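Note that the chains take the letters A, B, C, D, E and F in the order they are written out, and that residue 1 is the start of every chain.
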Amino acid sequence: MNIAIDIASWVLLTLGGVNLLIGGIGVLRMPDFYTRMHAASLTDSMGAILVILGIMLQAGLSLATVKLGAILAFLLLTSPTAANALAVSALLAGMKPRTGDAVQRTNHEADA
Amino acid sequence: MDILGLYHYWVFAVLLMTGFYAIVAKPNLIKKLIGLSLFQSAVFLCYITFGKLAGGTAPIVGKGAELFSSPLPQVLILTAIVVSISTTALGLALVLRIKEAYGSIEEDEIQEQDAP
Amino acid sequence: MSTITLLFSIFLLTLLMITTMAIVRTRNLFVAVMLMGIASLLIAASFFLLDAADVALTEAAVGAGISTVLFLGALALTSERERSPSSLPLLSLGIVAIVALIVIYATFDQPPLGSPSAPVQAHLTPWYIESTRELIDIPNVVTAVLASFRGYDTLGEVIVVFTAGVGVLFLLGTGASASAAGAPLSEDNAGLRHYLIPRILGRLLIPFILLLGFYVQFHGEYSPGGGFQAGAIVAASIILYSLLEGEQRALLVIPQGVLLAMMVGGVLLYGAVGVAGLVLGGNFLDYSVLDSDPVKGQQWGILLIEIGIGITVAGVLISIFHAFASRGAA
Amino acid sequence: MYYAVIVATLVTMALALLRAVRGPTVYDRVLAVNMFGTKTVLLLAALAFVFGRPDFLDLVLVYALINFIGVFAVLEFFRNRATRAGERQPAQHE
Amino acid sequence: MLAPHLPMLQVVVPLLMAPFVVLLRPRGLAWAAATMASLMAFAIAIVLALSVVGDATLTYRVGGWMAPYGIELRVDAFGALLLLVITGASSMALLGGQRSLERALPPTREPYYFSAWLLALTGFVGIAVSADAFNIFVFMEVSSLASYVLIAGGPDRRALSAVFKYLIMGTVGATFYLVGIGLVYMMTGTLNLADMAGRIEAVADTRPMIVAAGFITVGLALKAAIFPLHIWLPNAYAYAPHVTTAFLAACATKVALYVLLRFDFLILQQHLSGHAFQFAGYLMPLAVLGILVGSGVAMFERDLKRLLAFSSVAQIGYMLLGASLVSVSGLHAAILHMFNHALAKGGLFLAVAAFAAVTSGWRLEQIGGIARTMPWTFAAFVVCGLSLIGVPGTAGFLSKWYLVTAALEHGALGIALVCVILLSSLMAVAYVWRMVESACFAPDFDAETDADSTPNRDFAAFSHLLPTILWIVALANLYFGLANALPLELAKSAARTLLGGLP
Amino acid sequence: MSAEAAVLASLALPLLGAFLIALAGRISANIREAATMLTATGLALIVWSLVPLVMAGERPQVSVAEVLPGIELAFAVEPLGMLFAALASMLWIVNSLYSIGYMRGNDEANQTRFYVLFAVSLGTTIGVAFAANLFTLFLFYEALTLSTYPLVAHKGDQRSVASARVYLVVLLSTSIVLFLPAIIWTYMAAGSGEFTLGGVLAGKLEGAGVGLLLLLFVFGIGKAAVMPVHLWLPAAMVAPTPVSALLHAVAVVKAGVFAITKVVIYIFGVQHLLDAFVADLLVAAAAFTIIAASIVALRQENLKRLLAYSTVAQLSYVVMAIALLTPLAGIGAAAHIVAHAFGKITLFFAAGAIYTAARKTELHELRGIGRRMPVTMSAFTIGALSMIGIPPTGGFISKWYILAGAYQADNMLALLTIIASTLLNAAYLLPIIYMAWFAHDETFEARAHGEAPWPAVLALTLTAALTLGFFVFHSAVLALARQLLPGF
C-alpha cells in the first residue's frame, strides 16, 4: 500500500517537476510576450496541481493535506486570474500579439 | 563543508556591498532606497546564518524535533525587518515630497537647485 | 544542515547575487522594483532553509508584499527611469571594494556554520528553549523570546512602526482629505473596477485573506507567525480591496479616524499590558503577575501584546498606503 | 523523492529570473515575477516536507497570497501609468 | 513605591504619551501634553541623577527576566548626565518653542509633530538607559525616524533634501552598527553589554572582533557626525524648524557619541589588546581635523544656523579629542563638554528661534540690528555664545580647561593639542563675534524688500515665555560655569567607570 | 556691614545698578542718569568703607564657589587691589557726571546701553581688583574686555566697528593664547594660583621657565599695552570720550598693569624673580615701549591718538617700575597708577569737552582755543604737566618714586629711559599748551563757542583738582602702597 502511494506520488512529483522545467524553458525561449505567457500560465497551473497532489499523497489524511488543498485552490484561482489580468493589461497598453515570420520578430524586439 | 558554510558569509559581503554601492554611487533617490533595502537584507541574512544549528530545525517545539536553531537571531531580525520597512516607507514619503518640491528625484539636479 | 540542503541554499544565494547585481545595474526603476520582489522571495526562501520560519514569513509579507506596493506607489508619482550618472563613480567603487575586503577578512576566524559549540548556540539558546517550555509553555520559542524575554525590544519595534506611520502622515497628510466622507464616488478613482475577472475573484478572496490573517495572529504561539505578520496580512487584504474598488470605497469601509485609532490603540494596548505588570507588583512588561498562575499570566500577556502589535501594524500600513495613494489622486 | 521536484523548481526559478532580468518588456518581467512566486510556493511546500515540519504550510499559504496581491499592485500601477500617459504621451515600453 | 521603577518610567512616560498626543486635535493641546510629558521625564532624570551621584548604578530588569536573557536597563553616572541633557533640552525647547512652532506648522500636522517629538525623546532616553546592544539599535532607530520627521517640518524645501541625506546616512550608520554587534554576538553569543564585556576576553583579537570594532565605531561615528562623516549635519540643522534644531543640536549627536564611548571603552578597549592605541590613533586626527575644519567653515558661513551647525561639528571634535586621550581626565573633559555644549548650543538655537520671530530670515545680514529690537534675548544669546567660546565664568570654559589639562598630561603631543584648542577657541571668538556684530551694528535689515516677511508686527504677539526660557538657559550657562558640582561629579564618575580597571 | 559683605556688595551693586538703569532707561533719561549717579556713589561709599580696614591691616576674604577642584571663585582685599578699587569707584562718579554732559551734548544714540554697560564694566573692574587668585582675575579680566567692547563700538558706524574688532581681537587673542596658558602652567607647576605674599612659584619653577612664564604673562595681559600688544589702544580711540576715559584712566589699562603687578608680587614673588634674573627682560620691554610710544606720539596729529600713545608709554612706566623689583619702585608703581589716572582722565575730559563744544579733534585746530575755553584748557594744562612730571602735579610724586627705585636698583637703563621719556613727553605736550594759549586763532570762520555743558566742565575741574591735590595729599596712597613692602 505504502509502496503504491510512494510510487504514485513519485510519478506525480516527477511529472510536476518536468512540467515546471518545460514551463521555465518556454518562458525563456518563446518569441514574444503572449507566447511566453502561454507557456508560463499553463505549466504553472499544471505543475502546481501535480506537485501538490504528489505531496498530498505523502501527507496522508492530516491537517497538512487540508492546508495543501487550500494552497492548491488558491494557486488555481489566482494564477490564471493574474495571467488574465496581465494579458488584458498588456493588450490595453497597446501591445500587439506577434504574428508572421521571424524577420518581423526581430524588428519588434528592436523597437521595444 | 567549511568552505560551503563560509559561502553564506561571502554572499553576505557581496550583498552588503552591492547595496552600499547603490547607496553611494546612484544619484536617483529611489535607487538609493532600494540599495538601502538590499544593504539591510544582507545583514539579516548574516544574522540568520549564524543562528543556524547543523541538524537543527526551526525553534518551534513540536513532535519529534530535538535540536533547535537559535531563536534569538531570528527575533532580532524580525525586529530589524520591521525597522527596515519603516525606514523605507518614511524615505519614500520623503521622496514624494521632494519630487513635488523640486520636480526631480535625482540627487545632482536637486543639489543644483539648492545652490543659491 | 545536510549537504544537499546546503547546496540548495547556495544555489538560491547565487540567484540572489545575480538578482541584486541586476537590480543595481538596471536603469529602469520599475524593473528594479520587480527584481526586488524576486530578491525578497529568494531571501525568504533562504531564511526558510536556515530554519527561520518566522523570519521567512515576515520577509515575504514585508519584502515581496508591502515593500513592493509602497515602491510602486512612489514610482507612480515620480518617474520610472533613472538618469545615467555623469561620471564613473570610481571613489564609490573604491570605498565599496575596501569595505567588502574588510568584511571578507572578518569571515576567516568565524566559528563554522552550524557548529553546536559556537557561542550563539551554546550561550543563551539552551536557556531560552528550556525556559520557554518551563515558564511560558508555548511551542514557538521565537514568539516567547520576542514577546516576553525580549518584549521590550518588541515594544521598541512597535514604536518604530508607529513612528513611521506618524512620519508618513506628517509628510503626506492623511488620505482622508482627498476623499471626504459623503463625497460622490467618482469613476475616476475607481481602482481596477473595469478588470472584471480579477475584481470578482479578489472580492471573493478578501475574506479568506482576512481569515488567514487572524489565523496567523492567534496561532503565532504554535506556529510561525504573530502580530506583525498578521498585521501585514490584514493590511494587505485591505490594500487589495482598495486596489480593486478604489481609494474612496476603502476609506469608507475603514475611515482614516479608525486607522488612526488603530495605530494608537495598539501601542497603548501594549503599553497598558506593560504598565499592568508594573501596577500588579512586577516589573514593566512582566506578564507573570497578570494571572495567579505565572505561566498563564505569560500566555495572557503574549496574547495581548501580539494583538496590540497586529492592530498597530495593520493601522500604520494601511494609513501609509492611503497616504501614498491619495497623494496621487490629489 | 522531493529532491527531484526541488531541483526542478530551482532550475525553473533560475530560468524565470533570467527572463526577468532580460525583459524585454515590463510585462515579461511581471510575468516572470509572478511565475517566480508560484515556484517559491511549490519549493517551500516541498521543503516543509523535507524538513518534516508540515505545520509550516501556513507560511506557504501566505506566500501564495502575497504573490497575488503583488500582481494587483502592478496592475494598478499600469492603470495609473496609462491614465497619466493618456494625459501626456503614449505609453512606452522598454 | 515608584522609586525602583524610575529607569523604566524614564522611557515609558514619553513613550505612552506619544500615541495620545496624535489624537489631540485642538491647537495647543498637543503641545501642552508633550510639554507635560517632557517635564515629567526631566523630573525623573533629575531624581535619577541625584541618586547615582557617588558611583551608584541603578539597574532594572524589563519583564522581570534576568540580565543576559532579558533586557536590562542600567543608569550610571554617564547615562544620568545624558538623561539630564536630553530631557532638559527637550523640556526647554518645548516650553520656549510654542509660538515658533505654531508659525512653522500647519495646524493639522501639529499633533504628528509633537508625537514625533516625544518619540524622539523616547528614543534618546531609551538609548541612554539601555544596557543591551540590540535594544540600543532599536531605540536608535526610533529616535532617528522621529528626528527625520522633526527636521522635515521645516518650511524650506531644502529641509526635505537635507532629511533625505540624513536618512540615508543615518540608516547606513545604524546598519553598520548592526553588522558590528552581529559580529560581536556571533563571537560571544550575548547582547547584554556587561555579559559581552565579560565574555569578550576569550575571543579577543580574532578577526571578526577587530572588524566588529571598526564597524561599530564607524557606524556610530556616522550618527555622531564625527568629521568627515558630518556632511548630513549642517543642512539638517539649518533647515529644520528652529525649535527642532535647538532640541537636536543639544542631544542628538551626543547620544550617538555616548554609545560610541560606552562601546569602545567598556567593552572593546578593556579587552582587546591595542585597541586603546588604535582608538586614539584613528580618532585623534579626525577630532583635530574636525575641530579645525568645523571652526574654519563656521568663520566664513553667512547663514546663522549653518554657522552654528558647523560649530557643532567642531565641538563634537572636542568631545572626541578628550576621549581619544584615553585617560580619566580626558574622558572627564569630554563628558563634561557634552553637558556644557548642550547648554550653550541649545541656548543659541533657541535664541535663533526668537530672532526668527521678528526677522525675515536668519542670514547674518538679516538679523542686523536685532540687538536693538530684542535686547534681552540678544543678551542671552551673547551669554550662550560666550559659553560656546569658553570664556571663563561660563560653563564652556570649564570643559575646555579640563580638556587642556588632560592634553597637557601627554607631553609634546599635548602641547600641540593645546595649540589646536587655543587656535580653535580664537576661531570661535571670530565666528561668535561675527554674529554679535551683525546683530548689534549692522543696519536694520530692510524687511520691506522681502515679500514674505512679517517683521515686528508679530512682536506684540510674541510670547514672553521664550525669552524667559532663554534666560534660564543663559543663567544655567553661568551657573554651571561657577557651581558645577553635579555635572562635574557625574562626569568624573562616568570617566572612572568607562576606564574601569585601567589606571 | 561686615567687611566680607562689603566686598560682595561692591561686586553686586554695579550689576544691580545695571539692571536698574536698564529698567529706568525705559522710563526717562533723567531717572536713568540719576540711577547711574546713585549706583556710582553707593559703590564708592562701600569701597571706601573698606579702606580704613585695609589700612589697619585687615584682609577680608570671601570664597564664592569652588569652580574646579583647587580653583575657587574667591575674593580677597589687599592693599593694591584696595587702591585700584578705590580709584576706579571714585573716578566712576566723576566720569558719570562727565558722561551726562558729553552724551547729551553730542546727542549720542543708545544711551541706555551705554550706561548699562558702563555699570557692568565697573562691576567687573571691582572684580579684577578684589580677585583672590589667578582664575578669578582672569574671569573678570575677560568680562571686562567683553563688556567694554560694545562701548568702544558705540557709534556703530563702519569705522568704530572695525576698530572695536581690533580691540576685541587683540585683547581676547592675547588672553587666550598667552594669558590662559600661563595661568594653566602656573596652576600645574605651583598647584595653586592663589595670590600669596612672596609668590607661589618659588621652588616650583626655576630657570628659563620663569622667564618664559613671565613673558607669557606680560604679553598675555594685553590691557597693559606693552608693545607690540598695544595696538588695541589707539584703535579704541573711536569710542566716545567717556569711554576713552574709562579705558585709559578708570578701568581697562589700569586693570592690565594692575594684573601684571599682582602677578609679579603675588605669583612670582619679588625674591624669586630676583633670584632668577629675568626681570631685566621686562625692564627692557617696558623701556622700549616707553621710548617708542613717545616717539610715535610726537608724530600724531589727532589729539586723542596722541593721548592714546601717551598712555601706552605711561603704562610701561608702571610695568617697568614693578620690574625693577625694589620697594621704592613698587610704591612708585602704585602711586603712578593713581597719578596717571587723574592726569589722563583730565586730559581726555578736556579733549572730549573740546570736541563737544567746538567739534575739533586735530592739533592744528586748537590754536587759541584757550581763550574760548579757559577752564577746560587750564585743566588740560594741569593734566599735561602731570604727564610730564612737573610739580606741583601728582605725576611728579610717582615719577620721583620710580626714579628713586631705579636708582635703588642701580638700573641705568631705567634711569635713562625715564629721563629721555620725560623730555619726549614735554616735547609732544608742551607745544599743544603753547598753541592753545598763545597762538592766534587763524580759523577764518571761528565759530562762536564757549565751554562744554556744565556737567562736563565740572567733572574735568574736579579731576584737575585731584591731580593737583595728589601732589599734596598723597600720604594715604603711599601708606597703602607701603603695606606692599613685606612683599619686597
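The definition used in the following text is that a contact is a pair of C-beta atoms (placed from the backbone, for glycine too) under 8 Å apart; a residue touches a chain by one contact, two chains touch by 3 or more.
This is a predicted model, so every value here is computed, not measured.
Listed by label, the chains touching chain D and chain E alike are B, C. Distances between chain centres, each the mean of the C-alpha atoms, put A farthest from chain E.
Of the two chain pairs examined here, A-C and B-E, the one linked by more C-beta pairs in contact is B-E.
Taking each chain's centre as the mean of its C-alpha atoms, chain B lies 20 Å from chain D.
Mean C-alpha positions place chain A and chain D at a centre distance of 11 Å.
Chain D and chain F have centres, each the mean of its CA atoms, that are 88 Å apart.
For chain B, residues that reach two or more other chains under the stated contact definition are 16, 20, 50, 57-58, 60, 62, 72-73, 76, 79, 83, 86-87, 90, 94-95, 97. Annotation for chain E: residues 134, 138, 141, 145, 148-149, 152, 179, 185-186 touch two or more other chains. Here the chains touching each other pair up as A-C, A-D, B-C, B-D, B-E, C-D, C-E, E-F. Those residues of chain A lying in contact with chain D across their complex are 6, 9-10, 13-14, 16-18, 20-21, 23-25, 27-28, 33, 36-37, 40, 44, 47-48, 51-52, 54-55, 58-59, 62-64, 67-68, 70-71, 74-75, 78-79, 81-83, 85-86, 89-90, 92-95, 109, 112. Chain contact summary for the complex, chain E toward chain C: residues 5, 8, 12, 15-16, 18-20, 22-23, 60-65, 68-71, 108-109, 112-113, 115-116, 119, 122, 126, 132, 134-135, 138-139, 141-142, 145-146, 148-149, 152-153, 179, 183, 185-190, 199, 203, 206-208, 210-212, 214. Listed in rising order, the residues of chain F touching chain E in the complex are 22, 64-65, 67-68, 73, 110, 113, 135, 138-139, 142-143, 146, 150, 153, 156, 161, 165, 168-169, 172-173, 176-177, 180-181, 184, 188.
By the touch criterion stated above, chain B contacts chain D in their complex at residues 57-58, 60, 62, 64-65. The touching residues of chain C, when paired with chain D in their complex, are 4-5, 8, 11-12, 15, 18-19, 22, 28, 30-31, 34-35, 37-38, 41, 44-45, 48-49, 53, 56-57, 60-61, 64-65, 68-69, 72, 75-76, 80, 191-192, 195, 198, 202, 205, 209, 212, 215-216, 219, 222-225, 229, 233, 236, 239-240, 243-244, 328.
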